Amino acid sequence: MNKSLTEKPEILLETKDLVRYFTGPRTSLFGKRRVAHAVNGVSLELRKGETLGLVGESGCAKSTLGLLILNLLQPTSGTVTFLGKDVTNLDKKEWRRMRSEMQLVFQNPLGALNPRLTIGSQIREPLDIHDVGEPESRHDKVLEMIESVSLPEHLLERYPHQLSGGQQQRVVIARALINRPKLVVCDESVSALDVSVQAQVINLLVDLQKKLGLTYLFITHDLSIVRHISSRIAVMYLGRIVELADSEDLLENPMHPYTKALIAAVPVPDPRARKSRATISGEPPSPFNLPAGCAFNARCPHADEKCRTELPEFRQTSEEHMVACHHAEKLA
Amino acid sequence: MNEIENIQPDATGSAEETPLLEVRGLSVVFDTPEGSVKVVDNVDLKVSAGRTLGLVGESGSGKSVTCLAALRLLAERGRVTSGEVLFEGKDLLKASEGEMEALRGCKIAMIFQDPMVSLNPVRTIGWQITESLHLHKNLSKSAAKSRTLELLDLVGIPEPKTRYGEYPHQFSGGMSQRAMIAMAIACEPKLLIADEPTTALDVTIQAQILELLSDLKKDLGMALILITHDLGVIAEAADDVAVMYAGRIVEEAPVLDLFDNPLHHYTKGLLNSLPRVDRKVERLSAIAGAAPPPHEFVEGCRFEPRCGHCNDNCTGVRPEFQQVSATRRVACIHPVTTP
Amino acid sequence: MTTEQTKATTGIKRSWLGALLHRWGLSGEWLVTIALIYVSFILFVAIFGFLFQPYPHTQLDLFNQLQPPVFMEGGSWAHILGTDDLGRDVLSRLIRGLRLSVLIGVVGTVIGAILGSFLGIVAAHFRGWVEEVLMMLVDIQVSLPFIIFALAILAFVGNNLTILIIVVGIDGWERYARLARSMVLSANQQDYVLAVRSLGLSNFKIYKRHVLPNILGTLVVQATINLPGVILLESTLSFLGLGVQAPMTSLGQILGVGRDYLILAPWIAVFPGMVIFFLTLSIAVIGDWLRDRLDPTLK
C-alpha cells in the first residue's frame, strides 16, 4: 500500500457536500412535515482500482449514499463528479449511457433477480440494453461471464428460485459486470449469505477486481469483512463521514470515539479475547431530529460543551487520515 | 476507553452435573407436497443450570427447529418422530398441553430473532409484559404493573414509566429486543432460549444485548441456549458449544477447546474462512460448495461433498460420534488431527 | 425430483387422468374439476351450440305456447325444455342467449380489466397529483351505486350492444386499478427493478419486461373473480328490459320474459336462471383456485 508521495492517485468518482433529505408525513393536520436529514454533506473521493469500505450502523444512510452516487436517487444538493465530469444533473438519456460504467450489487440476491426470467436472459440483459456488439456474439459473452463467476453453464436455463443463495449472488455479480463497469457499489453484498458461502463470494469479488481492474465501494456494517477487503475505510454516522483512513491505520489507530466503540463492539471469534463492558450505551438519535453540534455527542464519553454546540470539521490529522472530531488528537 | 477485561469462560465442563435440559435422539419431520423431510436427525443436547450452550449452525441446519420442537411449538409445520426432551427429569414431549403452557414463559422462556415482528403491534409493551405475569404468577393489576416497571428497568430501558404505555413501533430495534427479554424473564425462568437474538441488530446494540443477557444470567441463575450462526457471538458468550450441520450435531465441545482445536472439518473450515477485525487475513480459505437443502439430505456424512478429507467410508453410513474426552465428541470418521 | 422419487415417497398410483389432474394441481379438488368441466361445456355450447339448436330461436309456434318441458306433464320431445309465451323453443333460445351472455361477459370483463389496470399502472408510475386524481375517481366509483348509473346511461342510449358491453365492463374497473397500482408500487420497490434501472433500461421496457409479467397473474385472477359479476349485471339489466332487448336474446333477457309467467310457466325463467347460477358459481370457484395457486407465499 505504499504510494510514493509524488504520485497522485487517479480519481474515479468524487462527491462534494452531498446532501439528501426525505420529507416525512405531516405529524398533524396543519403541522409541518418532518424532514429526515439522511445524508448531511458527504465529500468523498474514490480512487481508481481501490476498494473503499463504507461502514456504519443502521440509520447512518450508507445505502442512501450508494444510491446517490449511482444517481438512482437525486441529491437534495451537492455534486457528483465521474472521471472529471459533473454528472449530478445529467438528463435521463445521458445517464442511461453512463449506467454501464457503474453498477450495483445488492444485499438480497433473490430480490435482485426477476423471478420469471431465466438466469441466462438476465445476465444477457445489460448487453441487449446497451446494444453491445452483434446479437450473436452476446451469448458468448454470457458464457464467458458465467465462467468467470465459477458457475456451471447449465444454470443458464434455470430460474432464480432454483439456485442457492451463493449462486444467486454470483448471477447478480455476473449481470453487473458483464458490461465491464468501472465502478461497482456493493451494498451489503454478502450479508444475506450463509457464513460458509460468504468467504467464497468475497474471494470472487477480490479476484474479479484484479482481473477486470474494478473500483469498489463496499458498503457494509461488518467490520471484519471490510478490514479484509478494503484499502481505505470510511466510517459513517448519521449521514456524515466521521473518519476516513487506510484500513490498517483506521483499525489499529482509530481516532474517532465512535470508530473505537464500533471496533470494540465486534465479537471476535476468539474466546480468550472476551470484553467485559459494552463500550457505548444508548442509541443513535433519529435523523428527524439531528442534534446541533457533533451527532455523536449524546453517546460519547468525552463530549463537552464544544461538542454539543459546534459541528466538528472533517479534517486531516495525518497523511491519509481524516477525522471529524474536536478532540481527536487528545484522545489518540 | 476500551477496558478489555479478560473474562475467561468457565472451563469446567458440565459433564458431572445433572443437566437442566436434556434432548435425546430428537428427530423432526416436515411434511411437504414433495414428501416428508427429516430436518432434524437424531439430535442430542445438554444444558446445565447456570451455563450457556451455544448452538451454532447456518440456515437449514435445523438449530431453530430443534428448540421449537423441544418446547412443542412446531404446530402444523412439523412433527417429532422420535426422541425425548427431559426438563428437570420430565419428558416434555409426553407432557399435556396444559403442563406445557404452564412451563412456557414460566420455567422455560424463548426470545426470537426479529423483535419487531415478535411483539404484538396492537398492544402496549406494558400490557404484553403484564399478560405474562397474570398468566403465570396471578399477580394483582398493581403488583403486575410495578413488577413490569422493575423489569423494564432491569433490562436497561430508560424512562420505564413512559415506555410502559408505548407500542412496539415506537421502540427501536435494540429497545424492542430488551422488551422481549423483559417479557421472557418476567417469571424468572430457569432456562432461556435465545434464537438469533442479536442478528437483526446493529453491532453496538448487539454488544449491549449480549452483555444484558450475561448479566441477567448471573443475577437470575438462568441457563441459556444461544442459537446463532455468528462464531464471534459464540466465542463471546457461550460456555459449551454444539455445532449443527444439515440437521445433525457434528461437534460438541467447551468453547475454548472448540476454538483452539476444532475437530470436525466443517468447524475448522468455518473458523478458517472468517474475516477478522483484529488482524489482517491475506486470503480467506473458503469451504467450497454449499450446505444441502433438507430434501437432499443423505444418510452418510452430509459434509462429505465439501470436505476433502474423506474416503469411501464416509458415504453411505451415518458417522458415529467419537467421544474424544469427557466433554468433547465429534461425529466424524477422520476428525482433524492436531498439526 | 424425478417421477420415480415422487411415486416412492407418496406411494400413490394414478391413472392417466389422475396424473393429468395432479400435474395441474387439481388432485383432491373435485369442486374445481367439476367447475372446469361445466365452464368448458358452457363455452362449447356458446361457440358450437348453434349446430345443435333444434329450432331457430325466433321461430314462433303459436299452437304450442307455454308448453311444459318434456319431464313435466304435457310436455313432449319436440320441445325438450318447453316453450315460452310465443311458442319459441326454450332450449334453442337458451343456447342462443348463452352465446350473447358469454360474449358480453367476456368482452366486458376484458375491457374493464385493461382500462382499470392501465389507469392503476399510470397512477403508480406518475405518483403526485396524477395518482391523487385517479384514486379519487376510484373512490367515486366505489361509492357510486353503479347499477343506477348504468340504468341511466342505457335508458338514454337505448338498445345499443356496444354501449351495453362497455357499461357492463367498466363496472369494477376500480378493483383492477387499485390492484394494479398497489402491485406496481410494490414492484417498483423490488431490488430487481432497481437493478434493471441501474443497468440503464428505459421505463417503458422495465414495465413491459419486468413489472407486467409479474403482476399479470394476479390481474387475470381478478378478472375471473369479476366475470361472474359482469354476467350477473348484464342479466339484471336485460331482466329489467334495459340490456339486451328483443329480437336479440341473452340469458337475462329470457329471464325477463319469464318473469311474467313465473306461476304459469316457471320453466321459462328457471332454466336460464339455473344456467346463470351455475356458470357464475363455477367461474368464482375457478377464480379462487387460480388465486390460491398463484399465491407465491404458498409456494
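Here the chain labels run A, B and C in written order, and each chain numbers its own residues starting at 1.
By our rule, contacts are C-beta pairs under 8 Å (C-beta built on N, C-alpha and C of every residue); 3 or more make two chains touch, one makes a residue touch a chain.
Note that the coordinates shown come from a computational prediction; the quantities given were computed from them, not determined experimentally.
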{"item": "Distance-maximising chain from chain B - centres being C-alpha averages", "value": "C"}
{"item": "Busiest interface, counted in C-beta pairs", "value": "A-B"}
{"item": "Where chain A and chain B are represented by their mean Cα positions, the distance between them in whole Å", "value": "32"}
{"item": "Length of the line joining the C-alpha centres of chain A and chain C, rounded to whole Å", "value": "51"}
{"item": "Residues on chain A engaged by chain C in the complex (per definition of touch)", "value": "70, 72, 96-97, 99-100, 103-104, 106, 108, 111-117, 125-126, 129-130, 161, 172, 175-176, 179"}
{"item": "Touching residues on chain B, where the partner in the complex is chain A", "value": "1-9, 58-59, 172-175, 202-208, 210-211, 229-237, 255-256, 259, 266, 269-271, 273-278, 280-281, 283-288, 290-291, 293"}
{"item": "Touching residues on chain A, where the partner in the complex is chain B", "value": "57-58, 164-167, 194-200, 202-203, 206, 221-225, 227-229, 247-248, 251, 257, 260-281, 283, 301, 331"}
{"item": "List of chain C residues in touch with chain A within their complex", "value": "190-192, 194-202, 205, 209-210, 213-214, 296, 299"}
